[in-house]
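The structure appears right after this line, and notes come after that.
The first chain written gets the first letter, and so on, giving A, B, C, D, E and F; residue counts start at 1 in each chain.
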Amino acid sequence: MANHETVRENAPLRTLTPGERFCGWYLLKSAQTATTSGGKPYLSFRLSDNSGELPAKLWDYAGPITSLDAGQAVWASGRVDSYQNQPQLVADNLRLADGTDEIDLSRLVPTAPRDAQRMLDYVEQTLRSLADADYRGVCLTLLERHREDFARLPGAMLLHHAFLHGLLMHTATMMHQADFFARLYSDIVDRDLLLAAAFLHDIGKLTEFSTSPLGLVSDYSKEGQLLGHLFLGAEEAGQTARELGVPEEKRLLLQHLIVSHHGKAEFGAIEPPKCAEAELLAQIDMIDSRMEMFRTTYLDTPAGEFSRQRVWGLDNQYIYRPAADDPA
Amino acid sequence: MANHETVRENAPLRTLTPGERFCGWYLLKSAQTATTSGGKPYLSFRLSDNSGELPAKLWDYAGPITSLDAGQAVWASGRVDSYQNQPQLVADNLRLADGTDEIDLSRLVPTAPRDAQRMLDYVEQTLRSLADADYRGVCLTLLERHREDFARLPGAMLLHHAFLHGLLMHTATMMHQADFFARLYSDIVDRDLLLAAAFLHDIGKLTEFSTSPLGLVSDYSKEGQLLGHLFLGAEEAGQTARELGVPEEKRLLLQHLIVSHHGKAEFGAIEPPKCAEAELLAQIDMIDSRMEMFRTTYLDTPAGEFSRQRVWGLDNQYIYRPAADDPA
Amino acid sequence: MANHETVRENAPLRTLTPGERFCGWYLLKSAQTATTSGGKPYLSFRLSDNSGELPAKLWDYAGPITSLDAGQAVWASGRVDSYQNQPQLVADNLRLADGTDEIDLSRLVPTAPRDAQRMLDYVEQTLRSLADADYRGVCLTLLERHREDFARLPGAMLLHHAFLHGLLMHTATMMHQADFFARLYSDIVDRDLLLAAAFLHDIGKLTEFSTSPLGLVSDYSKEGQLLGHLFLGAEEAGQTARELGVPEEKRLLLQHLIVSHHGKAEFGAIEPPKCAEAELLAQIDMIDSRMEMFRTTYLDTPAGEFSRQRVWGLDNQYIYRPAADDPA
Amino acid sequence: MANHETVRENAPLRTLTPGERFCGWYLLKSAQTATTSGGKPYLSFRLSDNSGELPAKLWDYAGPITSLDAGQAVWASGRVDSYQNQPQLVADNLRLADGTDEIDLSRLVPTAPRDAQRMLDYVEQTLRSLADADYRGVCLTLLERHREDFARLPGAMLLHHAFLHGLLMHTATMMHQADFFARLYSDIVDRDLLLAAAFLHDIGKLTEFSTSPLGLVSDYSKEGQLLGHLFLGAEEAGQTARELGVPEEKRLLLQHLIVSHHGKAEFGAIEPPKCAEAELLAQIDMIDSRMEMFRTTYLDTPAGEFSRQRVWGLDNQYIYRPAADDPA
Amino acid sequence: MANHETVRENAPLRTLTPGERFCGWYLLKSAQTATTSGGKPYLSFRLSDNSGELPAKLWDYAGPITSLDAGQAVWASGRVDSYQNQPQLVADNLRLADGTDEIDLSRLVPTAPRDAQRMLDYVEQTLRSLADADYRGVCLTLLERHREDFARLPGAMLLHHAFLHGLLMHTATMMHQADFFARLYSDIVDRDLLLAAAFLHDIGKLTEFSTSPLGLVSDYSKEGQLLGHLFLGAEEAGQTARELGVPEEKRLLLQHLIVSHHGKAEFGAIEPPKCAEAELLAQIDMIDSRMEMFRTTYLDTPAGEFSRQRVWGLDNQYIYRPAADDPA
Amino acid sequence: MANHETVRENAPLRTLTPGERFCGWYLLKSAQTATTSGGKPYLSFRLSDNSGELPAKLWDYAGPITSLDAGQAVWASGRVDSYQNQPQLVADNLRLADGTDEIDLSRLVPTAPRDAQRMLDYVEQTLRSLADADYRGVCLTLLERHREDFARLPGAMLLHHAFLHGLLMHTATMMHQADFFARLYSDIVDRDLLLAAAFLHDIGKLTEFSTSPLGLVSDYSKEGQLLGHLFLGAEEAGQTARELGVPEEKRLLLQHLIVSHHGKAEFGAIEPPKCAEAELLAQIDMIDSRMEMFRTTYLDTPAGEFSRQRVWGLDNQYIYRPAADDPA
């Protein structure tokens, strides 16, 4: 067939279909060496880019690439096959990137759908707008200390916002909501406290996560596993507040909002929310996390249909994407 | 003491203190006839107005007022005593209102802290703004059918919004939030669907509640107990949509949002939320209910202190009201 | 071996053993196209009949049959192999039925172990025996409207009564139990209400399920997933009762029994059972569902032994089939 | 008033109304000595008969009756008063029965609504009808050993069948159900096993309960609290089966049905039911317990109304007693 | 009666019986002003000493003592009465202690049954025996900083060790157990880590509790309620470790053991125990807490009997105190 | 490569690496006959010894070894391959041991890390040291009856102590702890009762387990599944106590400690622990089970790292093995 003649270069993985040929730079997600029943070695691996990922095989391959190279960029070429009704790549070539290769990394790893610099500006300007100098001081001190990591880190390992700038996008969206609710319930909510805590609530994730060479979260750190990001964030915010001479009442409130932002002990909260701002913070964290899971589920679900799989993070339900309105 | 000479007329109950004398119109919350160890009959009862309620005694009283008169307006006079460190009224006179009495009912029953007509106008104008004629039609039809009850009914029997116009206030606030979130997540949320369902979500409460003579919810109706307001609301909205010829997809979505707005089966949801609008509706219902419980808890809690009692509706926690900021 | 010479035609799949040859009509349960490590296409599929199902392979096969043909009748021939100690079919021929084939469908799909017409007659006669004209009217109206589907549909997708006429068999058995309990507890149970609701309780499944070409349940419908069969059944029964002028008390009771027949919110009940008939209906639904799961588990379990697998629907336990009594 | 002149003798407590005078024999349910604020001693106690119970006071009383006399029959006279809208007795005389008093005990304690001898005959005849000599032997041996207690004991301390012959009535009704289900599911159920276990299932309660002088359950025994009636019954049935030379398979099945008849570990089952007979036994125990709770709830609930209190044993719900049908 | 003539002075409250007269110093546990139905003021209060507590009344009393004086020592005299089968004090005199009174406070408040100084010596010597200078340094630093409070504070407000030196006794007993288990499981347990954390585990309670004038815990502090003693203890231990230059691995382990010592999230653990020492620490904390509840329950339970009340902290069970062995 | 020339004989499986050749005696853990896509039969099996287990293949193999031979010793030879980054054996020879082979069984099955005879001596001497002749009598009677099985059996099928003498090791360690706690809490704990029950608590496992030819637990027995080891142990201990004329109080206590030693109904306890000894027994059973799981988890976890897998028996957590201290 004619399309066998053409080779698509650097094509998004999601767009490849059985019968096509491909070549280009991708992320080596994982790799396993194996042997066929006939005793021949081969490599079973997965490639990913910012559009998705695909399984792949390289027959008669004895190295040097192994599972230890996971997380690196590779050059691969071959054809697209089909296995169990899903596309599978059969490579004929595979090598690691070296220092001389010029690779557009933004193509390889998933990235937030919004502009990172604009989000960072919004966060900083909003913090500078806080009327309360104590809350403002703690936030700006921590923003200065962690600016680069804060702007780059994903929001989670798997469930939601698992892309570059994910933590920033999640934080900025929550601050937007915090501002709305502080106005809506202005009789019982302190805007400065709620906005400061919205900024700080996941700051402990900067310590909780280990990141891969290309910037994605690859694992939890030892501190993250032994203490958790709620503890880590509240400890650092508390220490900073003490150094800045913040009054005890305000320091305690900031720490309380951080340690309670998972809402219930069963979801990891150290204490349940005990004031209106703490309650709101836990609720808007929940809302933005779940809306992001709806967003990514919809990407794989045609309008008017249910998701093909149950979605673990959404109470393990099949999710329905409503049919788009007909124009008229 | 001098203040024994004065009689405070129609004083808010919350303001009465031991040693004062009182007279005026109040709501008879409950009443029980009893007999002292000496064999003399008396009446043990509770009076309420829109500021709170107090226990009361009328010694040597054999009627005609009994427990059957609960929910009516009464004229009472007497002195304020103290029992277990709390004020208690000792009446010397008590009679039911008759047709000739002119009573300001708004003083007797708790009423929403915002203007009912303005809230109703907001709801109606927002519904008229819906771009989708189907959703708009269902909502306006039901608003016309139930306008008076909808505007007057409390939002619940006990937990939150348990005052006149409470359902309207709760609905209007949720529509305000719905509008905000429809913009924030416009890529995955249909504004018309979310706003329509925010209006409709508690419409079944009009059938679920029985109301007392003065308009407060006194009990659940038989239909309310046997079927629940989620079922009742979705049944009526579905029937109306069929009569108006609304396409099946839209009717199902409206019904789904109504039956899922309690979020989880354990909280009474018939199905869990399965699309982004359903998820948001359940979340903002939760937020507004809990914020209202914080608001009323704060009314009885000095700034910088914890609530005297655990608050059942807020996960049975002691609630903290943050200290107000010092001026400067 | 001699048995290689013989070809068993239309043999029940459960009776095939490794080494035999087979041919005949079967149901194509599922199919997946795939490629061997050597690059050759093949079809991995499952055949079923009313005795069970088996995995199968067709090597060197590139179509035209694909996963889209699942649910259709096919002609297949080949030999019986063994894989992981279980029989596996290796086909040499496979084609779809066309209009000219004469196929005994009753052999292909699992069917209730009792006569459908006799069960339907029992249901109808019992409904005609109801003394209460209101309950009788609602039931007979719905029986007329749905007679064909009601008599044919399985009782569930997977767990129990997942065969043709399964819903009918489940309903008839429950009505038999309802009759017994109405006599046993005649002082507190209204026979007509209990029998009517036993007939109606799963009527919403007619809307909840999507069925495959040959009549089995292949999926849940959109309405089923968004509203659930308890809601759908109670909505339709309520609408019918209103049209027939049934008094409100009776309509509410019918609807209450339908919406509560799963017993507890965690099992999907919209309200818990609140009268004796509702309680009984939920209990006998549970009993018949579980007895049917014991029946099918016993089919695969030798007497005196435990089931090979945990049975998910029976609290995920290993089930014991007691040893048969010795004759004497 | 005229009715003050009349004294009602041995009137059922449920029928007494404020203003009447009473005298007669009742059961002293409980008693507490106390002192008024004026320093005078009095007795606060409760009287009961088979119609219900009432609170009572005896002013200026210093003994000899104290809390230690609870559970005995007493002669009391006085007038009926009202306290918190409920009748309360004010006695002027109270003494313990002595050997010379002739008292109709059946009036004092609640008794099963069905004839004890007929129920006992049914149980015995049914056991004699068992085809399996092993199961029959175990049952008849235990019936002989415990006949008197078995026929007299209540079925529970509080929740259901808490009256004389309650255990017998509960057992007989369950055997009736067992017989029905053994026929209905004859393909998977062994009638003899199910009936034998229905008879034996609560036999451990004979050891678990302590009884009061007049035959009601007053407490759990030490054995009952340390081991529970499931263990005790299965231990005794197992020991008896061993002595009679019952084959191990049958002994194990009998014991399994006894230890699993509470269905789930959270309800006290030692193992969950693992064969069809065990499942059925647990289900019909549940049904009869709950139907009895409906029966007693209905006694205090007018037709067409909800129970005044939540019913703890029925999932803590308000229970609805359906409106009786209109005659015509 | 003769015993009316005698007045028992400073008698333990547990030993007073109705009919006796009393006088002496006691702790005012709580107080409420009230008015009789005749309009006369009185004081309803509770007195306690280290043997228990009793309700009391002082008729015709208008002050100056009120609820605000709770927690102070008072002189009281009067007679012992009986109310609801329990002793009740009727006072004729009541006054607050002033500076000139010489009161043996150890009689007034419950105190640990073991010698405080010996326990403190054991703790300090054991800490000095730690081989690891880092762990030893953190512990001795915190012991120095908090020695007085640590030695004096109760272990809890209500459930267990709610007496002076309770925290010390609980800590010392746990260190004794830690030493035993470190030897028993020496292949997987670091003795120094386990002993250090046993000392530190409740150090956050020094901040979590508010104490009454006489040293008992009267309430949770604001920090205690907003952050909890696990967070507070781990924050302070972590800060101290950083100041002493303890290696990060050891600091993290100490903090992990503190934040996980409640075992599960549902019991308040911030993270579950993830190493053997953390697991052991959580287990021995549980053991010592529960053994102490058994000890105090046994104080009120005769041998061979069950506790009169369910014990909330012991899974809400009735507790059995085994019969003492017969001597021989 | 040179190491292809060498054949390692009876090498511990855990030490084999891809590329080596092996031969020796191993345990056949499981086996499955299968057919390749080319139609050739082969055997897929697992070998184990006391160091671990490995998957294996024997190509072109049609018998006689099948799944029925699982649990027997086999002679195998071949080479070590790699599959999915894990070692996999490819055998060229496989035969069952016969009577003439001399095999060191201790190499084939996992065995307790401590000397069995010394542990057995400790248990027996401790039991002989009991002051109470009744408890001592029951224990020694049961030790005599089951000595061989008791000393040999594993402690569980999978989770912990799943090696020869595992039950003995678990029991001896618990008796050691019991002795410690009986001294620590001597005011409320009866040493003889606690030690006797520590010995008896798992005695029912001798009946609950089925064992394989080489002594490991291969399955649960019918009695084990239908009644559970708590019931079986308490039944046998009770029967023995009755035969020895042990007073009822002591028999009940022994039985109570056995039936409650899983702590909570959800963990299988028949009754919750109701006296101090029962509480301690449940706690130390938990401690020793979990410490053993930590021990085996650490075997596969490098110091300073987390376990590669979640550990199911330890609340499904990743477990951390602390970094060893630096020498210095």
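Basically, a residue touches a chain if its C-beta (ideal position, glycine included) is under 8 Å from a C-beta of that chain, and two chains touch if they have at least 3 such contacts.
Note that the coordinates shown come from a computational prediction; the quantities given were computed from them, not determined experimentally.
The minimum number of touch steps separating subunit B from subunit E is 1.
Matching residue numbers shows that B-E is the pair in A-B, D-F or B-E whose interface repeats A-F, with more than half of the contact pairs in common. Seen from the C-alpha centroid of subunit A, the farthest chain centroid is that of D. For this pair, subunit C with subunit F, the centres built from the Cα atoms lie 43 Å apart. Centre-to-centre spacing of subunit E and subunit F amounts to 42 Å, using the average Cα coordinate of each chain. Touching two or more other chains at once are residues 222, 225-226, 253, 256, 274, 306, 318, 320 of subunit E.
Across the whole structure, chains are in contact as follows: A-B, A-C, A-E, A-F, B-C, B-D, B-E, C-D, C-F, D-E, D-F, E-F.
The touching residues of subunit B, when paired with subunit C in their complex, are 222-223, 225-228, 230-231, 234-235, 238-239, 252-253, 255-256, 259, 265-266, 268, 270-271, 274. The part of subunit D that touches subunit B in the complex is made up of residues 36, 42, 57, 59, 81-85, 88, 90, 306, 318, 320. Across the complex, subunit C is touched by residues 132, 173, 176-177, 180-181, 184-185, 187-188, 190, 193, 249, 253, 256, 264, 272, 274-277, 279-280, 283, 286-287, 290-291, 294-295, 298, 304, 306, 314-315, 317-323, 325 of subunit D. Contact residues of subunit A toward subunit F in the complex are 32-35, 37, 39, 44, 66-67, 222, 225-226.
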